[in-house]
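Each structure below appears as structure tokens.
Each of the two complexes below includes chain A, the first together with chain B, the second together with chain C.
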Partner chain A sequence: MEARKIAVSTVPELHADAGSTIAPRATEGRVQQRDWVRWAFLLPTVLLLFVITIYPMLNSLWSSLHYYNLLAPDDIRFVGLGNYVDLLRNDPTFWAVMEITFIYTIGVVAIQFIVGLGMALLLDRSMRGISLIRTLIIIPILISPVVVGLTWRYMYEPWGVINYVLGKFGVAPIEWVSSPVFALPSIMIVDIWQWTPFVVLVLLAGLQSIPREVVEAAALDGLKSWQYFTRILWPLLRPVALIVLLIRTMDAIKVFDTVYVLTRGGPGTATYVASMYNYVLFFGNYQVGYAAAMSYIILIIVNVFAIALIFALSERRVREEVSAEEVDIAQVAAADPAPAAI
Partner chain B sequence: MQRGGTPSWAKWIGNAAVIIIVLIWLFPVYWIVATSLKKTGDIVNPVPKFLFFDPTLDNYRTIFGPTYTFADVVLNSFIVAVCVTALVILLAIPAAYSLARWQTKGSERIAMWILSLRMLPPVAVVIPYYVLATRLQLIDTYTVLIIVHMAFGLPFAVWLMRGFFAEIPRELDQAAMLDGYSYLAVLRKIIIPLATPSIAVTAIFTFIFSWNEFLLALLLTDTNAVTVPVQISKMILAYQVLWGELSAAGVIALLPLLFVVFALQRYIVRGLTLGAVK
Partner chain C sequence: MTAENSGLTPEQRAVARSYQQLRETTVNRRRLMINAGIAAGLIGAYRMGPEAPGVSAAVPARQDAVAADHPAILAAKEWVGAPEEPTEPIKLVDWEEAGERWELPKRGVYPIWQMIHPNVQIEIQATPIGEMFPKIQLAMASKSDKYDVIDDDYAFFPQLIAGGHLTLLQDRLDADEAYKSDIYADVPENILDLYRDKPLKEGGQLYGLPPDGNCQLMVYRTDAFEAAGITTVPETWPEAIEVAKELTGGNQYGFTATLRRGYWATHCFNTIFWSHGGEWFGNGYNEPPTLNVEAGVMALETLLALMPYAAPGTLNAVDDEANALITTGSAVFAPNLWGGSVWTTEKTNPQFYDKIAVDIVPAGTTPESGHRPIMGGLGLFIPTYSKNPDWAFEWIKFCCSKEVGKEWVENLGQPARLSLLTEYESIQSYFPGLAKSFPTAHRMEPIPETGELYEVFGTEVANVTTGAKAPEQALADGNAAVEEIMRKAGYYN
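== the complex of A and B ==
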């Protein structure tokens, strides 16, 4: 007993001693080490990323301001914004490509969102094997878009399995990827198949983070399903929904792989999306400057959504921090008996 | 979450709907695996054989045979993906730790800049890569593929691991430092052991990204460093009737992913949304 008392009493003294003499110098040293180490840890990554992303982007920007064709490598001329003006003013293909990309993006993202929301609500249930099902639907997301394209191209064959099944319902065979009418819907279906599970997973995570008390309170209030959705679920899901919509929009604008494998932009220009056109400008026509300008236009459009996403992400982080603080305050309040006494 | 008061017949219809939708959704995956195991006669049969067919490994033998030399291509993909993953993780761990522990305005800006690189459309940088790689005679080498894949893998890994590291209580670092640990020792002896599962998840994501990546690999390779997706795209264009062989190649490409999907399940949403949804 005596020994313990002594031990207890000496410890604060030791600490007080350390606090008064040793600690300031130690923290000072640590602060110096801190700053030095902090940058040493970060520098290799920042430097490497700078070299392998900023340099190519600046190089591309430079190309986009020049007339530069690989077939005439000696004839490189500064043309200012000439390439951009040509694209926007004098290139009917550019606008056709933009229209197709726009239709593709809007169609794909809207359908993915609606179907994904429906599936998320359906999968948000307790049932045997539900976690296996939630795992299985991840598979399409992880498959290389090239393999996805290959699989669907085989199924889209005029004699393929899709037409066979449709035939059972009395639908005449459809020329999926080779008809101007169905080619664009064909590649959209592929995107919808691959990425709807992603929307499902994200919305499902959002649904499951809704506190049980909220759900129970809503059930007690006797809300009808529709009211329950519009008043309870949707307001809580909206931030997550915004993030998933932005991510999907950016990816849809950039689409290339499945188009390359399924249609190569054809037939004619039916599926000529922006990245495909950019690819052809460079690797078909060797127009380095013109292609660089095109890639910058795509970059700017994607960046609008990227910036929106970054804002959405950082706002979410801030909100998480705030809500964490609120929880802390609540816990402190709950632990403190005084307010209850009053 | 199940709302109270749902009648049991409605529950059963819901359960049945879930199973039917998932089966239909996964049909294409089943179909390519089944096709890869079919004989040519069954593949081109206008009446598809859904379940009962004579399985064969002929298609796999063909693609790994002397004509297609698919083994070389798989090896290329594997080497590139492993190197990318190793380098990315090596660089990303200290960077992510730095960004997770010292959250000043400056490092927050760097973090956002790194995140914005993740969203870069590949078409925006592929032209200068191509021009530069040609000039340096790096076209069609592992080196160029590894470098460009790192440009996209590294921002992702840093961002994701920063989130994971930030969840490790700072008190652990501080306690270790009172014991005289340096920052490097804290990272090696405390952070890395504690974060091993999340580092593994990040590594798997990076590997899959590199394994699946198509546009950059298509443009920067020719014959020596061709990766699996590029080879498949070439096979589609050159021999588009050989669906058996193509399906076998496709199955090889998706095999590693089927292995990891169960390991990843818990983290996949987080990875794909860059940590926004946990």
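== the complex of A and C ==
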């Protein structure tokens, strides 16, 4: 069989807009006037951005470099990086909450991605009622996280519906949120329930943007499912996967509302995540500087995660692995002539 | 495509022009949405503008509801030091924690005040208690003159006094000897000391007055005690453990407490620790803490011994949740719990409100032991920045007077005066428990770092109750963490 060469590109090609008409360049005076007008319209937004974002960030950075107890506002002392050093070297609670946060993040993101990808693959087909299923599936992400937390809290009660159903199968009531063993998994279940549909939506969009010719060509050439997934689908889906993993990882590291509503970080320190500790540092301990330092450490960690993910799943690496020139599907199929299960 | 596009033919330009005219004149959905948005913006701007209606005007009193010979009206005529009645209405702002104990009693007694001082209006602004304390700190740090009277937890008084944010009340109180003698005799000295810059014995002076008092109490179900054959209330912690064991069985549990990690768990620990004679800073604040002692070990071991009898949810409970375990019948005994009317009011405890009994918390078993429940309570102060300190003090005197006690209690107040707690037992059956507990109740440490210390140490207490650490290890780690916080705060090197 003649090997079919097929062009695979991970990036939509940009085409020159040959048909557009470009207004002739205006005179210098009119250009300056337009610039002034543009800046005048941008100014309120820039000012708002400065007031509600940049100034508070600078202020919190300043706070993080000082010993600042809100209950003793006359005793603010410059300590440089002292708060950061104390957190990283002298605060066992910090490392304990980071450990719990990492366990939580890796657990929920991994499960959401695997389950979400599976569901997206199942939904990426034409069949009766598929639109309705796709609509129903996004309901959890439409609900406020606080409402979700409160609802699940009642469901998790010893006399709640979950234990009721388990009881029908002879399982003794489980203390879902008041047991140190079950508390963290209970919160993870809630997060997975709520945000897997988001993963499904994004990955489904990615799947549906894959050119049909690629799919048909792979089917015609008898590619096995696993080969199709690893050599064709995953390389094309990687940029979208990067986006969804990035967003879910950042959200998981910052999780607060679900934990606050369900367990407030307890029982004991079983669900004491980083954002919860940060909240307690300010609203419980009134340690403004220390809390600000922790905020910046979380910010750095989130950025490090994001950069690592981007590096792992970047398009540059995709292009190196899958040449933008061509992929010899027939050669892959020829290596194992079993019919494709697509 | 617009009519100005030079690429169009004259016919096309004419069509484009007509469409443009149609868009500008015809009522369509887009135009309606734009106009609705503009209207909403204008209305919003007007509402927020200088002509905006006033916010939360003072509540006009129902003066017909108060008898002219009400005891408070008669007593106020005898009080000394009141300023002259204003000829024009003036308004004071009283910032309260929302709900019972604080906001509601003030609203309940306000009609009486209006009878006495019709031209002195009080605007009571309420904020949920969870948000209140940091907001008060911020308001005082920014020297806000918006408030004339503020109700704050006693734990924050030391730093507010040190910061110069509070008006001295002692001299004003001294001007009315009769009122002062009465309140000194009726409110225990340890409660008044909460609102002094230092204890009375050391020459302290009052910066606040307490219309409200609180401490942890022992609460139990009388029917459960009867059914278990328990005829005496446990006096000591070992007896409490035995009672908890006897009461546990089936779906009934013999123990609950506020054991959530942080200051909740520390409150629970403190009552037991202090009852065994322990002190956080037995050698003063400029010396390392003294938590890692025998009393600390006994306190944690007591908690551990009670855990097998704990109702589900106790490990992570705050006061609302622990009280819910009592009112739903899951837990029938709590040796030291924050609560009060929630247990004994039919509305909040419909099943068991008439089967609840309250007493003082157990004592320890060492020679230094005693009944030492942790104190709560809020007091009224006048910010330094108030523009009406004289009338603000009159309002505080009024709220703290015993003559408004009935209306105060009927509106869910919890007085600090022993006479009112005794007199109104028929309204709130837990009052005698408070009256018995106040004289020996123990305050939290009067330093700005207390919140942080309790939060950090409470994590170690939670580590013990969840089985993550042994009591000795948790005490050592907690003591070290407390010492480090004090060192960073500059108490010692």
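Definition applied: the second predicted complex is superposed on the first by the 267 of 342 C-alpha atoms of A that agree within 3 Å, B and C clash if a C-alpha of one lies under 4 Å from a C-alpha of the other, contacts with A are read in each partner's own complex, and residues count from 1 in each chain.
Going forward, contacts are C-beta pairs under 8 Å (C-beta built on N, C-alpha and C of every residue); 3 or more make two chains touch, one makes a residue touch a chain.
Given the structure is predicted, the values throughout are model-derived calculations rather than measurements.
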item: Which of chain B and chain C A:93 touches, first, second, both or neither; value: second
item: Touched partner set for A:267, first chain B, second chain C, both or neither; value: second
item: First, second, both or neither for A:178, with chain B first and chain C second; value: second
item: Winner by number of chain A residues touched, once chain B and chain C are compared; value: B
item: Partner chain in contact with A:228 - chain B first, chain C second, else both or neither; value: first
item: Partner chain in contact with A:136 - chain B first, chain C second, else both or neither; value: first
item: First, second, both or neither for A:283, with chain B first and chain C second; value: both
item: Set intersection of chain A contacts, chain C complex versus chain B complex; value: 283
item: Residues of chain C defined as touching chain A within the complex; value: 7, 134, 137-138, 141, 156, 159, 162-163, 259-263, 312-316, 318, 448-449, 451-452, 455-456, 459, 462-463, 465-468, 477, 484, 488-490
item: Residues of chain B touching chain A in the complex; value: 1-5, 11, 14-15, 17-19, 21-22, 25-26, 28-29, 31-32, 35, 44, 46-48, 91-92, 94-95, 97-99, 101-102, 107, 110, 112, 114-117, 119-132, 147-148, 150-151, 154-155, 158, 177, 182-184, 187, 208, 211-212, 214-215, 218-219, 228-230, 232-233, 236, 240, 243, 246-247, 249-250, 253-254, 257-258, 260-262, 264-265, 268-269, 272-278
item: Partner chain C, residues of chain A touching it in the complex; value: 21, 67, 69-75, 86, 90, 92-93, 158, 175, 177-180, 183, 263-270, 272, 280, 283-287
item: Complex contacts: residues of chain A adjacent to chain B; value: 30, 33-34, 37-42, 44-46, 48-49, 52-53, 55-57, 59-60, 63, 119, 122-127, 130-131, 133-155, 159-161, 164, 193, 197-198, 201-202, 204-210, 212, 215-216, 218-219, 228, 240, 243-244, 247, 250, 253-254, 256-257, 260-261, 275, 278-279, 282-283, 288, 291-292, 295-296, 298-299, 302-303, 306-307, 309-310, 312-314, 316
